[in-house]
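Look for chain A in each of the two complexes below; its partner is chain B in the first and chain C in the second.
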Partner chain A sequence: MSDTAAPLTQDRRKLEMAALSAPAVFFTVAMIAFPVVYTIWLGFQTFSSTGKQSFAGLANYSKLISDYEFWHGLWITIALFVLSLVLQLVFGVWLALVLFNAKRLPGIVRSLFISPFMMPPVVAGMMWLVILDPSLGAANYILQSFGLPPSDWLASPTWVIPTVALIDSWQWTPYVALIVLGGLQSLPPSVYEAAQIDGASPFKTFQRITLPLLLPTIVTAAILRSVDLLRFFDIIYITTQGGPGNASNTLNIYGFRVGFEFFNIGYASALMLTLTAIVFGAVLAFNRLRGAVAW
Partner chain B sequence: MNGAANTDRWIRWLNTVQLVIAGVLIMAPTVWMVLSSFKPSFEVTAYPPTLVFSPTLENYAELTRTTPFLSYALNSLIVTVGSTALGLLFGIPAAFAVSWTRITWPAILTLAARMAPGTLFLLPWYVMFRQIGMIGSYTALILSHAVITLPIVIWVLLPSFDAIPRSVFEAAQVDGCSVTRILWRIAMPLVASGIAVSAILAFVFSWNYFLFALVLSNGDTKTLIAAAFNFIGEGSTQWGALMAAATLIALPPLVLAALVQRWLVSGLTLGAVKG
Partner chain C sequence: MKAKMLATRVALPVLAIAAVSAQAHAADFDWMKFKGKTVTFLANNNPVSQALLTYKADFEKLTGMTLKVDGYQEQQMRQRLVTVMNANSDEVDVYMTLPSREGEQFAAAGWYADLTAMAKNDVAKDYDSAGLSQALLKAATFGGKLTSMPMNLEGPIFYYRTDIFKKCGLEAPKTIKDVEAAAEKIKTCDSSVTPFVSRGLKPAVAYTFSNMLHNIGGTYIANGKSNLCSAKGKEALDTYSRLLRDFGPPGVVNYSFQQISALYRSGRAAMAFESSNELRTVMDGGARLKDTGLLPFPAGEAGQVPTTIGWGMAVSSHSKQPDAAWYFVQWATSPEVQKKMALQGIAPPRPSVANDPEYRKWIDEEPVRKEWQAALDVLATKGSSEVGYPIVANPQSREFIGQAVQDLILKQKPIDQACADADKALDALIALN
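Up next, the complex of A and B:
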């Protein structure tokens, strides 16, 4: 009796399960998979000034190789990525250790610590635009009252990328810290106690025990930040739109402008597919690294 | 022995100092934004900057007088609530099915979509939505923002569903419950707090999202974030109003995040870290 009934309900359950995921899958295919295929196709097209579309083969990609702005954008993207990631990981681990040693954190303190990355990056851009204003901003006033020279910050071609990295790090260092704090709290206390009994100094304990055990968590934080950093957009677009000149023209900003300011959809598609490949390549590389440092 | 206790106290004191420094660095810019929004217009650009002033609401009044701030806010609310609802509608059953069957590719598909740069989809969306005359419609904005909310809902809920003991479902199945009924009557009430956290996170990230509305909205449907340019354009004479706009735009996500801060960490790392 049950021998015949069981496979039937099994099949029925599978069908019901598929029906539950179907809306999400269908939505993702319609909004993501199909448009991405369309973008790949667009990457092989050119659009004339009259809007006439024709097959261009690999023309957009060969243009990319000889396009100075592309290589410049790639360099800017990588510089911003490395600078921001190093800042956020170093200060994130430091902040996590400080929070960990503080033991009890009231909810209100935690709320204040997460407030930078819960607010829109656009708002962060707006507030720092005012703080970093070259002539009237509070930042230069503070620098000068310590006898330091003022900076043009976002208005300086030399300093715009470090400044943007600084703004992003202000926003996301607490996020990295909270991830690392989670990792710290999940470490078995016995390893510290053993080290203490052996008479290891706090610094040695950190270097030899805590840091290696934390590495997988730190790499996880690095993956989560890399995805955002490689496609950096909001703060730059709201503060400099890629300027001054092209000093902060990251690949994502450049691709956006090629697409929606110059309406060169075909070339913009080729640019964005290249950037997407870079993002996924970085995620895969970090994932391998995480496998290597896992314990 | 006494020396060790002294070192201990000294280390704790040093840690407190570091905590205060970190707190000041993190809070100062936001405090400055809020203070500036209450400064009289002649004082907001004063140099050297002032810390003591008589607060005024003139910047907020100016903002609502010179810009359609409230209708932008309404647009933001419509798009955010709509996309959060859509994310929950599609995401809750999908997360449940993925958790139960261990067939994870639907969840990974939505996450991969979240990792690609938004401009990648925005180009084809722009071409397609223009062809069917949907540029500037709430529908286009809600659909595009649901791409943000759906993976958040699925990945925040997955650990919650995973935490329910299998025996609960199996018992219900033996009683002849359909899968949909089990989800609705048994699983969803058990993960109610997870659903609340995922809804709030989805709301925050949809509210904060900039890129899609920049291209897909028009003058009537522009969201607050996409309208940020309108507030910046005026130059340094309008700093007070600019900071009032920034403060008001940041307020909803900050209030909501404060409500769920305790559960936020594991949710934000998409389950990578148990907070």
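Up next, the complex of A and C:
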């Protein structure tokens, strides 16, 4: 009697748990699935400039192939991604090492070091727009006071991407440093004691021990930053709106303008889904890399 | 003669009935008709709406309605509007619109409620629809439907520093060539200032460039094709970009109204071509109050054809309460409210308000305000509302105009290529019309 009663109670309990959690699960899935499914559907529609809608099949996707702005935007997106990620990883690891070794640094100074990423990107964009203004900004004043020539910064087609990468790195390097600092604090001290006994120099210790052991943490930071960098939007929107010309017209900015300024929601959806696929691809690649460097 | 008499016999009673009917409507009009309702207003957070919303409580007291304000910066406001309208949502009842920019597009998409009948029949006694700028009402009429009511009158005007002009022995420019000559002289006479500044940011260029193009005698479209590569078109592109490249501030390709006003207000520009709406910002702090002269943009070969536009208030075609929404539009564009806004520096779209003694007294308090009003009078009488191409895809057309100007400022293309590339892209847009 008791042998059959126990599984029945267990089954009933499982059923109750499923029933109780079903609304939350349904709500969560719907919240994620609806926008994605709706965007996929929109990607198969065409909207005239008056907003009239009709089925377009794969026309939006075939248009991508011959659209110069798409390829240009993709190139700008990748250039910005690579430049920013390299800067943020290199300086993030460096900053983490500084903070890790400077154990006597007061808490307030540590907080100041990591404060930029707490600032909303729009505020950061506005602030740097003022600093980098070629006529009124502080950046050129500083350059000129050291006898250096002024720069057009965000107004130069050549320098706009490095400048945007610098702004983003100013904001997000502390975030990378915070992740890496967590990784540093979890490294086993015994390995360092052994290296010290063997007489390894600080550089060798960093090269042979710290860096390989930190690699999984660094890759995690890279994954988190990659998602943001490939979808880069706010700072460019605030500072250049994709200009000068189309020198900073990333895929995300281009898609936004096609959708919300030119009202071609169908093509904008196709652009955004392509960008989503690129982001997924990058995350999968980094995940594989993380698997390869795990210890 | 018989026909004339017949016409008179028929017309007089019709007019009389119409007048009696209008009076009856006005007499029946009750501001409290929609008491208890809530009207949602999607506002562009600019000086026009800021001045209007100072009196929000007055509207609520007068009508017993609640006014819910959803305010954003201009681009974000349009983004929100596009989302709401594409979803056929009724969350917005009234929104601000620029007929010169999106009028054709929104009208073709059916996003405007038709205000023709409401503006004629459902008005308070003192509303005076006919007293609104007829040019602006015409600019807001698409396919015979009145789509919005004008909130203000504005356009780019020419700001110049009288002290610098005096120091350099210059007189106020009368022609575009005088502007260029003055810039050349200021460059050597006072190297601490930027001789000339105007809009260089790609989507913002069309606002000021259109005035230059029209003054020179150019048109955007000729024989159904884009006309930037015509002699006049090239002259306008060349002059506008040369003025900015040779005499503008570094980084001018990122300049819109905020940067221009900041540069001029700080005393670092001798001439600026910017919106009449920026007067309040430019004069903020009082540093430029006594050394600024204002003019409509100097003439070209075709004389002065200033750009004149105005923000309008439209009722959403998806609103479930267009009548209540119209009450808000009517209150906001009434002579009484527009007079109050005018005293805050918002140029009125009603000649009666512009001639009001109290407003005139405010204008006469400062010489710079007198010049501002004189420039606005020229805008009101001679202005063209064509900013960018008069096609459904007007916002996109502004991109290509801006691109051509930036290509020239940055010396990325010779003029023949810059205008040809723009014409090619613009012909494709015109073909979609």
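One rule holds for everything that comes next: the second predicted complex is superposed on the first by the 259 of 295 C-alpha atoms of A that agree within 3 Å, B and C clash if a C-alpha of one lies under 4 Å from a C-alpha of the other, contacts with A are read in each partner's own complex, and residues count from 1 in each chain.
By definition in this document, contacts are C-beta pairs under 8 Å (C-beta built on N, C-alpha and C of every residue); 3 or more make two chains touch, one makes a residue touch a chain.
All values reported here derive from a predicted model rather than from experimental measurement.
Partners chain B and chain C clash in the overlay (superposition on chain A). When the two structures are aligned on the shared chain, A:Phe27 is found in touch with chain B, with no touch to chain C.
The partner of chain A that touches more of its residues, comparing chain B with chain C, is B. Once chain A of one complex is fitted onto chain A of the other, the partner contacts of A:Asn60 are absent, as it touches neither chain B nor chain C. Within the superposed three-chain model, A:Phe262 lies in touch with chain C and out of touch with chain B [touch as defined at top].
Applying the stated contact rule after C-alpha superposition, one finds that A:Thr46 touches neither chain B nor chain C. Look at A:Asp133: by the touch rule set out above, it reaches both chain B and chain C. Legend: residue contacts after superposition of the two complexes on their common chain; A:Gln88 is shown touching neither chain B nor chain C. Once the two complexes are laid over each other on the shared chain, residue contacts for A:Thr77 go to neither chain B nor chain C. By the touch criterion defined above, A:Phe280 lies against chain B but remains apart from chain C after alignment on the C-alpha atoms of chain A. Legend: residue contacts after superposition of the two complexes on their common chain; A:Pro244 is shown touching chain C, with no touch to chain B. In the superposition on chain A, chain A positions 133, 135-136, 259-260, 265 are in contact with chain B in one complex as well as with chain C in the other.
Of all residues in chain C, only 75, 78-79, 82, 85-86, 105, 108-111, 194, 201-203, 249-254, 259, 262-263, 266, 268, 392-393, 395-396, 403, 406-407, 410, 412, 432 touch chain A in the complex they form. Of all the residues in chain A, the ones that touch chain B in their complex are 9, 13-14, 16-21, 23-25, 27-28, 31-33, 35-36, 38-39, 42, 94-95, 98-99, 101-102, 107, 109-116, 118-131, 133, 135-136, 138, 141, 145, 170, 174-175, 178-179, 181-183, 186, 202, 217, 220, 224, 227, 230-231, 233-234, 237-238, 252, 255-256, 259-260, 265, 268-269, 272-273, 275-276, 279-280, 283.
In the complex of the two chains, the chain A residues touching chain C come out as 48-52, 133-136, 150, 152-157, 239-246, 259-263, 265.
Listing the residues of chain B that touch chain A in their complex gives 11-12, 15-16, 18-19, 22-23, 25-27, 29-30, 32-33, 36, 45, 47-49, 86, 89-91, 93-94, 96-98, 100-101, 103, 106, 109-110, 112-113, 115-128, 143-144, 146-147, 150, 154, 173, 178-180, 183, 204, 207-208, 210-211, 214-215, 225, 228-229, 231-232, 236, 239, 242-243, 245-246, 249-250, 253-254, 257-258, 261-262, 264-266, 268-270, 272-275.
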